[in-house]
Amino acid sequence: MKMTITAALACTTAMFGVVASAETMTIGITQNNVGVDSYQTTYERAFIAAAEANPDVNAIVLDAGGDVARQLAQMEDLIQQQVDAIIIWPTNGEAVIPAVRRAHSAGIPVVVTNSNIAEQGFDFIAAFSGPDNVTQGSRSAEIMCERFTELGIQDEARVVQISGQPGYTTAIERQQGFDERLPEVCPNVTLVETQPGNWNRERSQQVMEAFLIQYDDIDGVYAGDDNMGVGALNAARAAGREGITFVGATNFAVGYDAMAEGDYWGSIYQSPVDDAEAALQTAIDVLNGEEVPFLNYFDTPKITQDNMGDFTKPVF
Amino acid sequence: MAMHNSKDMIKQGGIWVFILAELVFFSIAGHYWSVSNQAFMDPGNMLLLLKQSAPIGIIALGMTIIMINGNIDLSVGAIFALSAVVLLDSLSWPFMVALGDWALPLAWGFALLTGVTLGAINGLIVWKTGIDAFIVTLASMLGFRGLVFMYNGEQPTSNLNWTLVDFAEAQVLGLHTASWFLIGTVVVLWFVTTRTNHGRNAYAIGNNREAAVNAGIRVGPHFMWNFMLIGFLAALSAVVFYSESGSVNPNDGMLYELWAITAVVLGGTKLAGGYGSIIGTLGGVIAIQLLRKGLGHIGADTQTVNLVIGLILIAVLFLDRQLTRKGKEELKI
Amino acid sequence: MNDLQPVLRLEGIVKTFPGVRALDGVSFDLRPGEVHALMGENGAGKSTLMKVLGGVLAPNAGQIYVAEKPVSMTNPQAAKALGVVFIHQELSLAGELSVAENIFLGELPLKSFGRVDWKKLYADTDKILKTLNVSFNARTRVGDLSIANQQMVEIGRALTVDPRAVIFDEPTASLTDAEKVVLFEVIADLQTRGVGIIYISHRMEEIFKITDRISVLRDGQYRGTLNTAETDEDKVTQLMIGRSLDLSRNVSHHEMGDIALEVRGLSCGHLFEDVSFNVRKGEVLGFYGLVGAGRTEIAETIFGLRTPSAGQILLNGQEVQINSPIEAIRLGIALVPEDRKDQGLVLGMNCKDNMTLPQIGRLTKGPFVSDRAELAIFDKYRDKLDIRTPGWRQSVGNLSGGNQQKIVIGKWLSMHPEVLIVDEPTRGIDVGSKSEIHNLIRDLAAQGFAVIVISSEMPEVLHVSDRIVAMFAGRVMREFTSEDVTEDNLIQAISGLTGDKAA
Amino acid sequence: MTVLTRQNLGSFLAKQGILIAFVLFMIGFAMVNQRFIAMDNISGVIRSSAILGVIAIGVTFVVIGGNLDLSVGSMMSFSTIVVLDLHDKIGPGLAIPAMFALTLLLGAFIGFLVGYLKLNSLIVTLGMLSAIHGLTLTWSGGKNMDIADKSGTWFSFFGQDRIMGIPVPILIFALLAAVLAMVLSRTSFGRKVYAVGGNGQAATFSGIPRARIVFMTYLISAFCVAVAGLLQASRSLGSQNTVGQGLELQVLAAVILGGASLLGGSGTVFKTVIGVLILGFIQNGLLLAGLDFYVQYMVTWAIIILAVWLDIAAKRGHLWSPIA
């Protein structure tokens, strides 16, 4: 049971009554869908580790399993348990707003992590902590454009896109960032088609197989994350198609390896450990009354074959 | 006969005993393992339990009558999603916007109508083609989900209307709006299944379809009514839930059918049909939500929750079988 | 009341299905207060005719008159509204519902908003149950009733309207003799109320006991109507099958061998207790008793389908433990079960596959099933048992009851068992095939098989058996040899009336 | 006579309906897009259908035996994750048999519950769907599994290599289909599966060990799942825990399309393979035609309903159901 330390703390708290609550803060987190990929799992681990390392923090860690209804129920539970702060990784950036408002009116500050909620809800949250997914999409577009320019095909290249799970904010924002930025930097590159790969390597591989059949000429593939990017890469390898520039996001270990092998061009370096620690720190800062920027983006730099030496291999 | 009745009592009471056991377990375990200093059996928490049971609960109640019929509906998750899309999207139609707050009941109406229509499509296919409901709804689970995507691509459909949210969040006598809808559905369906002609016919059909046909019960239209009912309830569940959340992802409601069936089976309804009760299903729904809540309360992780729910379902089935056994003299087939 | 005016009259009813003329101009009339038997072999068109009468099928030609008014019955409700009620052969009850709900199934009395008027429902039901003189009440769950009482519920259904004509389809198929008496009383009561009764049955003794007239169908055609008092079984049989049928007492002319199977003090809970008997090679041992007397359960225990609570089973003098049908089959025991469709055959499979099923594991060549070995068996037993089928590919579901039963028997004969147990060999089988099966059983004994025949039909058990074991309530009451058995003492024994158990 | 010929035509259409639909689809798609019938496309579709197909063949046994298996998707994620994890720990030579053993153990557990304890298969496998998913996550700790040295392992043979120009997954799919088709149609075990599914009680009365046969069908299903997991793992050399999720319903759709009755006792391996290919080619064809992915959902809906409807209409001789 990973809760042993905090559980012991909780017992003491319970025994000595509310005296301790002035110093210890109980922070609840409801995650989107742990176990769907390594990123979220690593995030959860990092979060728990960070919470355990901090003697002032009790953490209640919940997982919505990708289900909005379950996440709203968890929000209610956390409000009901009168936690000091709530961190939420939204399953749906809009659907959670009323629940966030409820926490807000119950006097519980809410920090949104990883993937932001819609603007209507900004009044009710203390801060957002996480990557800027739109920027990530733009950066991926820039990486791709720069590569095309290097290769000298910036005026004729044709690109396909494999997006994340339909409906998820991160997927939507990255696609948006990419779709908007690409024509700005490389106006003559054609985005031929976009199909969802559902954050799923296998699914992405199937989609790519169909693209390869459908289009003789594919110069670049943008995938919503490296998991899907590698799926697409596998499809291209199997079909014996070379010379395609693969750009992803959320650099996974598989993507890093593929880059090292020279098959995969670039991605966005995003550490779930940074993500989790930033979220926890933001919540702690908010509780301590410190000034925090409202949009607390942590940096997610571009990573390509050229500069990958500057980055350690992702652990997930 | 006395034996039979006492077994019946055990079977129908079993789910409540199980709920009681869960409460005791989580109260004690929560004392040691929980981070929160709030008691698990806090009244506020129990009221929340009822509210949180509503989305799956309302669907599961409708599933009960379908399963009493000896049918099954796998498409409820997709109906749930499409009704939600209609609810939220219709609020942004120009003429609806012009209506102001009067658009809200109308939007509810559109969403409910969507559910009823989709249910009617299932029912009509089952009735007219004679294909098993399992296959019909397995296929329409895909088809309706396709309609959800067709409506708004992969984008979520959103319309955060604070009037609607306030209504959904309102508490009357301590119970949330969703709880009232759940309770209302329980009362109505309990009444329908135990007191009305339609409800009694549902049992008769599930028990002995041929007999029902011979007795002049029009089985086809009966099925269709029930599929419309569950379509309505799936839409009602969506309407209640999305009034509060204001945004629907096209993937929402996936696997709801499996949770609903799990709840119904835990509540003692037989898959073969002809036997089951609305109150039992309510127990099943509460038992599942309690389990989720409780496991979250004591800090169990996702994989434990999945493992425990799966194994409990099998254990319940096993116990049910042990109860219905006739003992050593039974024919070994 | 005008006694001369028929309550129901059919004129030239024709019903065709693609390729088949199921009813070919059938006419007869039903008078008020009479019991009118409708007889015919399976496939003669009885059930089609009843479906036409019950409003399930629409005739292609002809006219139905109720009280001499031409009517058209488009559905079962229309028929019932006209006072023509059908009591099904296979119980069509909903076990989880109460007696009252079953009796008024499909027509529960209602209040506003579709609510059931329970008060009226129970009151009306009590009224009906009173006339039936039964022990259960309106609120009893039907699943808790005995088969006979369920039959009574079924009959109760007919009485919810003021019936003009009631059609009984094989009503006594699963009734005990005592229960039959009650049924016949109910029928007599209906008669005195001027209701016309159509009574469909294969059982001659019942027909001659309670009916006034007998109409016979053959091949979809009406063959005539006889006054029961002025005819006999032979004449009716001849009309049905075009020849006469031998149901005389049988005497074995061959030598009996050693004891093949012996059972000592066998018990299985309260299903049956302390049962002892033996059967020799070349002998037919009859088991006679009421339904529920424990006969089928004994067979199932010997076949390894139930675990005995006490007692021994000896095969050729050796004690054996039989825990499953597989072991029973290995020891040379075969069981032709009571319920052909549910236990005897896989209806979706073809004739050959059904016949070779128990030994399919042996009919292999290398890893695969050998078609040739299978066909050899099928052809042999098709010829031997005279199974009439278009070919081995024919699905058994399409065969007549008699041919189906022969497939089941052939399935076991091909295994060369030492002991063959046949449970209700001719249930639901038409008269013509019946005698074929009886002859077959006698032949098998003559060839040295030890055969146990379980039957609820006295003529059958008397006809085929060398010895008869009479059972009552799970116990063996008496064993008869063909010399000392009479119909009277047999009936006494199975009714628990006999004192000399030791005999 | 016209009635009869019309009937014959009807029953021919119904019996071969699924094949006819298949051919029509192929022709239709081919006319829309020439690439559709290119050899490499066809081989690509079959290769990507191989995983679904292998599982569907196993489930065909379960369904003919009169049961359902909703746990195959979860089970495939389990075997994929396990073999990938063990690959780096004990080497591929041991990882593969170990994974097969563990998957068969899961199959045996389900087979025991459904066969010997006679619990309802729908609920048992529904419970196992959830439970095995929990098991997989526990095994992997929720992390992706990746083989460290992707280029240096012979493990990629099953999913990526070719023999005489034919991709290995296709060969494995074809081989498994051929072997299991023979098992089902030609061996006494196969006959017993049909008997148990057709009428379990009659099978028992004929001395067929029903419980053991049902148990065996689940073992076969688990074996096929393990093969699919192997193909999947070898093909991508890395995987998420969600791989295979939702596959159970696609598998059922394929088996139903192939004409197996969910009541048991009917269906063949060949027809299931056709069902799988239909789903695969529809997905591919619609994608090539430039239609959005969800169109395929609706097409599948229509095709399943039509296929099953035709099938039962032919059996009962009427298009419309007789239920009033």
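Quick notes on this structure:
Each chain gets a letter, A, B, C and D, in the order it is written, and its residues are counted from 1.
The rule we apply is simple: a contact is a pair of C-beta atoms (placed from the backbone, for glycine too) under 8 Å apart; a residue touches a chain by one contact, two chains touch by 3 or more.
Remember, it's a predicted structure, so these values are computed and weren't measured experimentally.
Chains that touch both subunit A and subunit D: B.
Annotation: 29 Å between the Cα-based centres of subunit B and subunit D. Mean C-alpha position of subunit A lies 71 Å from that of subunit C. Distance from the subunit A centre to the subunit B centre is 32 Å, each centre being the mean of its Cα atoms.
Subunit B and subunit C, compared by their mean Cα positions, are separated by 44 Å.
Those residues of subunit B in touch with two or more other chains are numbered 149, 153, 302-303, 332-333. Residue positions of subunit A touching 2 or more other chains: 34-35, 196. Residue positions 137, 142, 201, 204-205, 293, 324 of subunit D each touch two or more of the other chains. Across the whole structure, chains are in contact as follows: A-B, A-D, B-C, B-D, C-D.
Across the interface of their complex, subunit D is touched by residues 18-19, 75, 303, 305, 324-326, 328-329, 335, 337, 342-349, 353, 357-358, 360-361, 363-364, 367-369, 411 of subunit C. Residues of subunit A touching subunit D in their complex: 34-38, 40-42, 44, 193, 195-196, 199-202, 205-207, 209-210, 213-214, 227, 230-231, 234, 237-239, 252-254, 257, 261, 316.
Listed in rising order, the residues of subunit D touching subunit C in the complex are 3-4, 7, 182, 186-188, 191-192, 194-195, 198-199, 201-209, 265-266, 317, 324. Across the interface of their complex, subunit B is touched by residues 75-77, 80, 86, 88, 90-97, 101-102, 105-108, 110, 113-116, 144, 157, 268-271, 300, 304-307, 309, 324 of subunit C. Subunit D makes touch with subunit A in their complex at residues 33, 35, 38, 40-41, 44, 48, 137, 141-144, 146, 150-151, 160, 167, 232, 235-236, 238-243, 283-284, 287-288, 290, 293.
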